Amino acid sequence: MGVLVAGGVSGGHINPAVTLTLALVGKFPFRKVAHYVVAQYLGAFLAAGATYVVYIDAINSYEAGSNRPIMGDGATAGIFATYPQTFLSEEVGFADQVFGTGILLAVVCALSDPKNRVPKSLVPLFVGLTVVAIGMSMGFNCGYPINPARDLAPRFFTAIAGWTWRVFTIRTWSYIPLVAPHVGGLLGALIYMFFIEAHSPHDDQLPVAADRDSKEMEIKQV
Amino acid sequence: MGVLVAGGVSGGHINPAVTLTLALVGKFPFRKVAHYVVAQYLGAFLAAGATYVVYIDAINSYEAGSNRPIMGDGATAGIFATYPQTFLSEEVGFADQVFGTGILLAVVCALSDPKNRVPKSLVPLFVGLTVVAIGMSMGFNCGYPINPARDLAPRFFTAIAGWTWRVFTIRTWSYIPLVAPHVGGLLGALIYMFFIEAHSPHDDQLPVAADRDSKEMEIKQV
Amino acid sequence: MGVLVAGGVSGGHINPAVTLTLALVGKFPFRKVAHYVVAQYLGAFLAAGATYVVYIDAINSYEAGSNRPIMGDGATAGIFATYPQTFLSEEVGFADQVFGTGILLAVVCALSDPKNRVPKSLVPLFVGLTVVAIGMSMGFNCGYPINPARDLAPRFFTAIAGWTWRVFTIRTWSYIPLVAPHVGGLLGALIYMFFIEAHSPHDDQLPVAADRDSKEMEIKQV
Amino acid sequence: MGVLVAGGVSGGHINPAVTLTLALVGKFPFRKVAHYVVAQYLGAFLAAGATYVVYIDAINSYEAGSNRPIMGDGATAGIFATYPQTFLSEEVGFADQVFGTGILLAVVCALSDPKNRVPKSLVPLFVGLTVVAIGMSMGFNCGYPINPARDLAPRFFTAIAGWTWRVFTIRTWSYIPLVAPHVGGLLGALIYMFFIEAHSPHDDQLPVAADRDSKEMEIKQV
C-alpha cells in the first residue's frame, strides 16, 4: 500500500537498501539518495509511533504489569523491531539477511526492467506479494527485516518509549538489519544485471508492434 | 465483490466515509452524497438481515440456549456490529479508527489518481486487498469497522432482532465507528492530496505515448 | 484454473447454475446449454474419480478400518459431496445456497458486463477469488456447493464407490445443492441486470477513446 | 518470483517437466532443452545449499542432538526433498504426481496459448497461484514435488551434506518425482492441445481489433 500511495510522486521507495542499491547500479540518481533515505527512516519512526498509539492499551494489557520486556515470553519489543531466535548465530543471521534482501532486489530489478513490460499499476501488487513470500519462507530466523529503516527506526523509538537502550544491546544483532540488507541488495541487483539483463534480447530484436501476436513470443512466457 | 458489482453504475461506493470524504475534497459531487449514504446504510441493514437468515440455525446452535448474548463467551452480536476488546479505552479506539480509515482513504485516493493509471478493472481487487491488509494489521483492537454503515446498520438490526438496545450501551463505543472514520478518512485524503498529489509531475511533463518505453519511467516504478 | 484452461474454447463454464442462468437471461445461447451441462456433470464425475485414485491410500488410512463412513467423526464422504452441519434446517440450507449462488452470479454478470471492461485474462482470477470469498464467508453451514454438478456428480460417484446409496438419504439434503443454486443464480443475475446493468451509462455516453484520461472517470472508480 | 526474474532472458523455465514437455509438443526448441535442464538441476542444487546455509542453526536447534534424521518425528530431510506419507503406496504416489504435473502443464499451456491473450507480466502471478493451489489441494500425500529438479537436486545435496545416501533408499520413492512429472506433464499438455487448443476458434474468425467491444465475446469470458 505504501508503494501504491507514494508511487506517483517518489516511485514508492520505502527501503533504503532498495534506494541505495538502485543508485549504486545506476538505476536511480545519486543526488536523490540522501533525502529519500532520511525520509524513509523518519517515516518508519513515525509509523512506530502510530503503532504505539493504536496498540498502547493492547500492549499494557498483554504485558500484565511486567515493564516493557524485550525478549522472552510476553515480550512486546518485537512488535516494533526484529529480534533473532535464540539459536541464531551472527554469521547465519547475516547470511539470512543477505539472501532475503538479495531476492527482493532481484525481483525489484525484474519489475523495473523495461523489457519485462510490467504495468506500473501492478508493481505495488508484485512487490507486496514478494515481501509476503520472503516473510513466509525466510521469516523464521529473525522476522525478515530486509529493510534497514523498518528495523532501526522502530528500535530507536522503543529505546526512548520505555523499553530502554537495551533494545540495542540485548543481543549482538541490531547492526545486522542495518548492514546486511545493503550487502545482499547490491548482490541481488548485480546478479540480476549480469545474469539476466545483460543477456536479454536487444530492444531492436523484439517485435515492436504487439507482444501477443506471434506464437514464438508466447512460448517464452511460460 | 461489492465494489466490482456496483462499480459500473455508481462507482462502487459502499462506505459513507469514502463518499463524504471524496465530496469534501472535491472528488465527488455533493448533490449525490445524500442518496448514496442512505443507500449504504440501507444496504448494510439488508445485508445484516441476510446474514441473520443464513446463520439463524448456526447462531441458535452456538448460543445453546443463552438468549442473544452481546459480549463475552458465546456472544453472537459481534457477528453483525463491532465490539472492542475489554482493554481498549475510548481514546485509543477512536485513534485506531482514525488511522485505519485514514490509510483506506489514502489508498482510495491513490487508486483514483489519474496519474497512477490504475486500470478500472483492478480497482476492486486493490480495494479488497487493502481492506484485508487493514483487517489483518489493525483488526485486533475492535474488528476494524472503518465504515460507519457497516457498523451502525447491523447494530440497529441486532437491536430489533433480539439482542436488545443494549447493543448500543453495553460499552461506550457505538459512536466511535460512526464518527472516527469520517475524521480519519478526511485526514487520509488530505494527506494524500497535500503530500503526494500536489507534488506529482504535471500531466504535460509526462511522456504521453507509452509509459513502458523509457528507462527513466521504469525506475520510478520501483 | 478450470476457467482459465477451458476458457479459450468454451468460455470456461464449469457450473450448470451459471450456464443455465446466463441462457435464461439471454447472455448465452440456449442451444448450447444441454451439452454444456452434460459435460459439466461428466467432468465433475471424472474429477471425483481422480480424487478417489489419488487419495485412496489416505482415505483407507484415515478411516482406519471403518467402512466408508458418510457423516460423523472419521467420515470421508464429505471429501466428495457436501453434507450440512447437524444444526442446519432444510429451509435455512436452501436460503444459504440461494444467497451464495446469487452472489456468484451477480459477480459473474459484472465480470462479463462489457461496460466494466474486465480484461479476459483476469476473469479466471476474479472468479477464483470470488469463490474463495464465498467459501470463507458462507462455507460454515454446508460447505458452499453453489454448483449442482460439483455436488451431485461426486455424490453419485461415492454411491457406487463404496459409500452406498445412503449418501443421498442420510439427511434430507441432496436435492438442495441441485435446486437452490439455480434459484439463487437466476435471482442474482436478475438483480444485477435490473439494479446495475439497466442503469449503466449508455455506451454512447461513454468516452470512447481511453478510459484513463479524464478525471471524471477516475472518480467513478473508487 | 523465479519465473518473474528469469522470464526476460529464458522464459522463466525452472521445471524440467515443463521444458521437456513443451519441447515434445513442439512449443519449445529441442536444441535448448539440454542446457536448460542442466541449469535447472544446478539451480535447485545451489538453492538447497543456500537453504542449508540460512537454516543451519535452526536445523541443529530443531534436531537437538539427533544426527540428521530423514523421516519420522524431528526429521529435517523433508526441508529439502519430498518424502511420502507412510500410508502412500508406490502406485498411488505415481498417480498423484501424474495428476499434479498434468494440471500444471495444462495451465501452463493455457497461459501460453496466444488465443487466451494473457499479458506476459501476469504469467508469473498465475503460475505462482497455480502452484499454490496444487500444493494446497494435492500436497497431503507427498508434498507435491511436480518438478524433478526441485526434488532430485536437493535430495542429492542432503546425501552429501550429512543425511547420508539413505535419503534415496529409505523408501521406494525417489524415482517417482523424477519420472512421474514427465509422464503427467506430457499427458496434461496433450489433453490441453487435443481438447482445448484444437477446438479454439481460428485466428481469422476472431474479431481482430479489440476483444472488449462486442457483447458476444464478453459472454464467452464467464
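First chain written, first letter: the chains are A, B, C and D, and each begins at residue 1.
Here, a contact is a pair of C-beta atoms (placed from the backbone, for glycine too) under 8 Å apart; a residue touches a chain by one contact, two chains touch by 3 or more.
From a predicted model like this one, the values you see are computed outputs, not experimental measurements.
Novice: Tell me which chain's centre, taken as the mean of its C-alpha atoms, is farthest from subunit A.
Specialist: When every chain centre is compared against subunit A, the largest gap points to C.
Novice: Pick same or different for copies subunit A and subunit D, depending on whether their interface residues overlap by over half.
Specialist: Both copies touch with mostly different residues.
Novice: Between 0 and 180 degrees and rounded to the nearest 5, what angle rotates subunit B's CA atoms onto those of subunit C?
Specialist: Resulting rotation angle: about 90 degrees.
Novice: As a quick test, compute the distance in whole Å between the mean CA positions of subunit C and subunit D.
Specialist: 28
Novice: Indicate the whole-number Å distance between the mean C-alpha point of subunit B and the mean C-alpha point of subunit D.
Specialist: Here subunit B and subunit D have centroids separated by 39 Å.
Novice: Where in subunit D do residues touch two or more other chains at once?
Specialist: 111, 113, 117-119, 122
Novice: Select the category (line, ring, star, complete, other) that matches the graph of chains linked by touching.
Specialist: Graph shape, chains as nodes and touching pairs as edges: a ring.
Novice: What are all the chain pairs that meet the touch criterion?
Specialist: A-B, A-D, B-C, C-D
Novice: Taking the complex as given, what residues does subunit A use to touch subunit B?
Specialist: 1, 4-9, 11-13, 18, 22, 27-28, 50, 53-58, 60-61, 108, 111-114, 117-123, 125, 128
Novice: Subunit A touches which residues of subunit B in the complex?
Specialist: Within the complex, subunit B contacts subunit A at residues 85, 87-89, 92, 95-96, 99, 103, 106-107, 109-111, 113, 115-119, 122, 126, 129-130, 133, 138, 140-141, 192, 195-197, 199-201, 211-215, 217-222.
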